[in-house]
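This report refers to the structure that appears directly beneath it.
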Amino acid sequence: MTTQPLVGVIMGSQSDWDTMHHATDMLEQLEVPFEVRIVSAHRTPDLLFEYAGSARERGLRVIIAGAGGAAHLPGMAAAKTTLPVLGVPVQSRTLNGLDSLLSIVQMPAGVPVGTLAIGRAGAVNAALLAAAILAPEYPGIDAALVAYRQRQTETVLAHPDPREVAS
Amino acid sequence: MTTQPLVGVIMGSQSDWDTMHHATDMLEQLEVPFEVRIVSAHRTPDLLFEYAGSARERGLRVIIAGAGGAAHLPGMAAAKTTLPVLGVPVQSRTLNGLDSLLSIVQMPAGVPVGTLAIGRAGAVNAALLAAAILAPEYPGIDAALVAYRQRQTETVLAHPDPREVAS
Amino acid sequence: MTTQPLVGVIMGSQSDWDTMHHATDMLEQLEVPFEVRIVSAHRTPDLLFEYAGSARERGLRVIIAGAGGAAHLPGMAAAKTTLPVLGVPVQSRTLNGLDSLLSIVQMPAGVPVGTLAIGRAGAVNAALLAAAILAPEYPGIDAALVAYRQRQTETVLAHPDPREVAS
Amino acid sequence: MTTQPLVGVIMGSQSDWDTMHHATDMLEQLEVPFEVRIVSAHRTPDLLFEYAGSARERGLRVIIAGAGGAAHLPGMAAAKTTLPVLGVPVQSRTLNGLDSLLSIVQMPAGVPVGTLAIGRAGAVNAALLAAAILAPEYPGIDAALVAYRQRQTETVLAHPDPREVAS
Amino acid sequence: MTTQPLVGVIMGSQSDWDTMHHATDMLEQLEVPFEVRIVSAHRTPDLLFEYAGSARERGLRVIIAGAGGAAHLPGMAAAKTTLPVLGVPVQSRTLNGLDSLLSIVQMPAGVPVGTLAIGRAGAVNAALLAAAILAPEYPGIDAALVAYRQRQTETVLAHPDPREVAS
Amino acid sequence: MTTQPLVGVIMGSQSDWDTMHHATDMLEQLEVPFEVRIVSAHRTPDLLFEYAGSARERGLRVIIAGAGGAAHLPGMAAAKTTLPVLGVPVQSRTLNGLDSLLSIVQMPAGVPVGTLAIGRAGAVNAALLAAAILAPEYPGIDAALVAYRQRQTETVLAHPDPREVAS
Amino acid sequence: MTTQPLVGVIMGSQSDWDTMHHATDMLEQLEVPFEVRIVSAHRTPDLLFEYAGSARERGLRVIIAGAGGAAHLPGMAAAKTTLPVLGVPVQSRTLNGLDSLLSIVQMPAGVPVGTLAIGRAGAVNAALLAAAILAPEYPGIDAALVAYRQRQTETVLAHPDPREVAS
Amino acid sequence: MTTQPLVGVIMGSQSDWDTMHHATDMLEQLEVPFEVRIVSAHRTPDLLFEYAGSARERGLRVIIAGAGGAAHLPGMAAAKTTLPVLGVPVQSRTLNGLDSLLSIVQMPAGVPVGTLAIGRAGAVNAALLAAAILAPEYPGIDAALVAYRQRQTETVLAHPDPREVAS
């Protein structure tokens, strides 16, 4: 991807990649230029501040942040930028991601994080929401997004009977 | 507000206004033109489909939807538009908004809702996130957003000692 | 099944079939004519409205709707018809179906969804409840339902000692 | 109400009446003949068995049962009849009705309870669902139900602006 | 076991035996005479009433009842007898036994169920508690219980270092 | 009460008395001799050990222990005696007693606590269960318990119509 | 307090003072020198980093951080220092502090936060734990802590009968 | 390890070792001398009291206690010593450690337990927090701790791209 990234996809650790690659897969499919990086709120706090603090001037337009457990990455990124920050709660081992979800979504008034579903669905949807945010200015993304949504509808309509592919 | 609305603020019932006016208050403060309407997913489903289905062509750029309990308004609005939809879980009487939150945030892959915190904080933050989405194209909104965030920081810095105003 | 369907069984996606076939299996056993279709609230909202909006005039008497996560299918079907709608919360991967349950059962006053248990038990019971609703007008269904309940009781009575088939 | 009751409304204790009168209010509004009685699963188990066991032959068509905490009334009524049983989880003092909800909705395969929302909304909706079950055979109930739903929609449409009656 | 049973162990279905045999194993170890039977609150309600209603005159002294999901067996047994009833919440598939636990423990004032832990630990402990109840009148049971508790303590003391048998 | 106490009622702090006096009220009503004492697991651990460790030889037959939050009193009492220990989860301020309940009921295999409902209902029922445990040896208690249960049933039967005393 | 502070008490907003003054009250009682400051993770992230990053060289020995909702303050302070950080989950309006608790306690391996109970009890105990950490080096604190614990025990022992001050 | 132990690591049963060895592994890595022992609150209460009651005079400086379910070990250890006690909630089979967490963290005011995350992360972090507590007096531990934290940061920085080691 040679274009200037518009979306920065960050995650707290390597293990989050299993979830977060669904976000980058979808960004690719929607032709949204992005960058991806492991940034840990707790193990590399200075990197997080530098990353989020400089994101806007570096040309990023949206930050997608995935983290699990006491998931502080999205909220702390949001604290350091006025860019839209989208949070993906990664499913945690012990509490199934309920801790991740509450740690991300329950931000106090003043610093928003747009939170998506726990796990893979949330990662996919973070990419779709980022595309929706960028669509008005980027007709190519808009077209890809509209086409994706249309195909999705057509796929369901094309397979109305669940018994056809029953396991 | 005479300008063409950029944000549509909808809510499931009159009783949600206690929460959702915090969103419109903040939109006003940030000089974001908006419209506000009661649209019930369950009692006026056709209106919801018409509203969300025509939002884009009517010039809206973001939809903020607040609802409580089995809160289907944000997700069903998102099903009918490619615009970014932001969901505000209104605190429910029995389960404190946990039902509202899960009903809004746990969207399946394919149709995103950017979910904010339960209650007032979520309403305020939906407005801030809408402003952040619009900021790149609307310098006035960007300036208002940046100024708001700065004032917010300064207010905290100006009152470092909690004992000064202790109750 | 050549008879006019009395029950419409819908589900949000192919993956729900693992759960929902327990409903159609039981409907067959009780000789209740039914139709089955994948209808996604979020990916095919227009189909959902058309399906639920025309169900009554098409002769359906009960709708059984299964969905998981932010499960809007049962409630939105109920918003478009006065027919009894029965909701089956499909077990979700991350939150074990608690999100599905709350999204379905916590409907606001005015639009009811009769909600069954999470997963297979709920699917079976949705079929039994549909049969109970139809029984007064359809003696064959009534007889099948009464016989099923009786056999069920007899089966338990016939095997009083759990040690006989202990694993 | 002089007509033969079609719906039996039972509740575990006098204190549940605060919730359950919303069911009987709605039944009256929809012109559904009903009877109402306190029947405690735990304090009057024999009465419960006699009540549910004879409900069908006494001409009842639907049982609405409300209870809180370890709420066994709906499920045990369902164990003693093939009539449709609708359960209303009454909000409990300590766990806000989550215990009531799970005690009612999580019935095992074989004995269904159509469960409504916790509290007032569930009581109202139990009446609406009972009416929907009876509507095909009772044109008067059908007409009242359809009219109720229409008025409900019109009421929302007539008051689109939440600011008009803002508190 | 030829002696007159003092404890009746009942469970809602064959599948609960995986859990409940831990109760009967412990009763055997403590030399408490018992009987065991599948009694389903929902599928065999009359049997349940007969069983619990005649337990006292048949010479039983304690009832141990295990059930999962909307677990009504212990509470309904308690409604039909003044004997001590001990409830074992069987781990449910979807909600891990939280539904079983709340359905059993949250009994209203007037009809008690002494509730043990979810799953195997609860089954073992129900047997121990039954033995403790019987101990004052049955010196053999008392001696077995005291010996069991002492051995249990000695076993821990004999293996102080977890590294010895580390996996 | 001049008779030798058979039940020891202990609680973690003075504030638990609001809940636990319902246990002693019921014990009085059932003519069960008891003693009552504040014993804090965390603030007076030695007293707890002395109390529970000597309870049996002092002639107590049952211990009722109420506590809230991280409620260790019932379980630690059970660790120091083979007497039946009944636990009452006192409703906590922040988590409504869910913490109290789980802290008491989830005992490991080997040391049982018979747990009752959260709050007042649990306190009442602990007394009833203690009476049920003592009834076989104490005909007076047995008679009082049977009479209480009968009166309770009759009271419900005497007031079948909730509308008579509607608020 | 003129001595060099050993404990830094920080909180996310003025409204947390209602909870956190219980920490400073206890520190005063134990003669632990402290400083107190409002530091918001989200509104003043740079101040937080400066505060936590310089805490050690400024002579602080323990940081006590209180916050509610998506409570990132304790974890992010811990990310910037090797000092012991103690976290106090402030009770949140909507979810009673369960969100605060999970956001604080579920830290990933590598960066610890010693978490206390939700609300007032947690604030008091954070002070006690800080004192326990400092006690070996500060005999005065050790003496105060030991005396406090002893008085606490004696107070319970002095009032054994809850009926004396019954409300 | 020949040095006098500074940290006592205790756990409720052999099965907790799978979790707790992560604490001792980290203590070894940080060169903190420790001892390890199985001490069961419920099966060996006297040993627990003796262990915790003598810990201070035996030279221990911190106690790390891991337990699951109704986890009373950390809180009861804290009741018997003024040493800092750190609690590790071991993941339970049925409730995923939510019971363990609440049983440990929700201590009443007066007796603190510094609680870490559920499972492995909590065990690792208990060791890190113990090291942080000891660091001011033990330069070797301080150096090891600082080095560990630095390496941890460097490891993340050295692998910025999650795609490099994608599974």
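To keep things simple, chains are lettered A, B, C, D, E, F, G and H as they appear, and every chain counts its residues starting from 1.
To be clear about the criterion, contacts are C-beta pairs under 8 Å (C-beta built on N, C-alpha and C of every residue); 3 or more make two chains touch, one makes a residue touch a chain.
Because the structure is a prediction, the values reported are computed rather than measured.
K.L.:
If you apply the touch rule, which chains end up adjacent to both subunit E and subunit G?
P.N.:
Chains in contact with subunit E as well as subunit G: F, H.
K.L.:
Among C-D, B-C or A-H, whose interface repeats A-G's (more than half the contact pairs identical)?
P.N.:
Repeated interface of A-G: B-C.
K.L.:
Taking each chain's centre as its mean C-alpha position, how far apart are subunit A and subunit F in Å?
P.N.:
Distance between chain centres: 52 Å.
K.L.:
Please tell me the distance, in whole Å, between the geometric centres of subunit E and subunit F computed from their C-alpha atoms.
P.N.:
Distance between chain centres, rounded to whole Å: 19 Å.
K.L.:
Quick one: which residues in subunit G touch 2 or more of the other chains?
P.N.:
13, 43, 69-70, 94-96, 98, 105-108, 110-111, 113, 117-118, 121, 152
K.L.:
Sort out which chains touch which and give me every pair.
P.N.:
A-B, A-C, A-G, A-H, B-C, B-D, B-G, C-D, C-E, D-E, D-F, E-F, E-H, F-G, F-H, G-H
K.L.:
If we count contacts the way the header does, which residues on subunit C are in touch with subunit E in the complex?
P.N.:
Residues of subunit C touching subunit E: 91, 96-98, 117-119, 121, 152-153, 155-157, 159-163, 165-167.
K.L.:
Could you please specify the touching residues of subunit D with respect to subunit E in the complex?
P.N.:
12-13, 41-43, 45-46, 49, 68-70, 72, 75-76, 78-80, 92, 94-95, 98-99, 102-108, 110-111, 113
K.L.:
Using the touch definition from the top, list the residues of subunit A that touch subunit H in their complex.
P.N.:
On the subunit A side, the touching residues are 11, 13-14, 16-18, 20-21, 36-40, 43-44, 47, 69-70, 93-96.
K.L.:
Spell out the residues on subunit C that touch subunit D in their complex, using ranges where they run on.
P.N.:
Residues 22, 61, 82-84, 86, 101, 105-118, 120-121, 124-126, 128-129, 132-133, 135-137, 142, 145-146, 149, 152 of subunit C touch subunit D in their complex.
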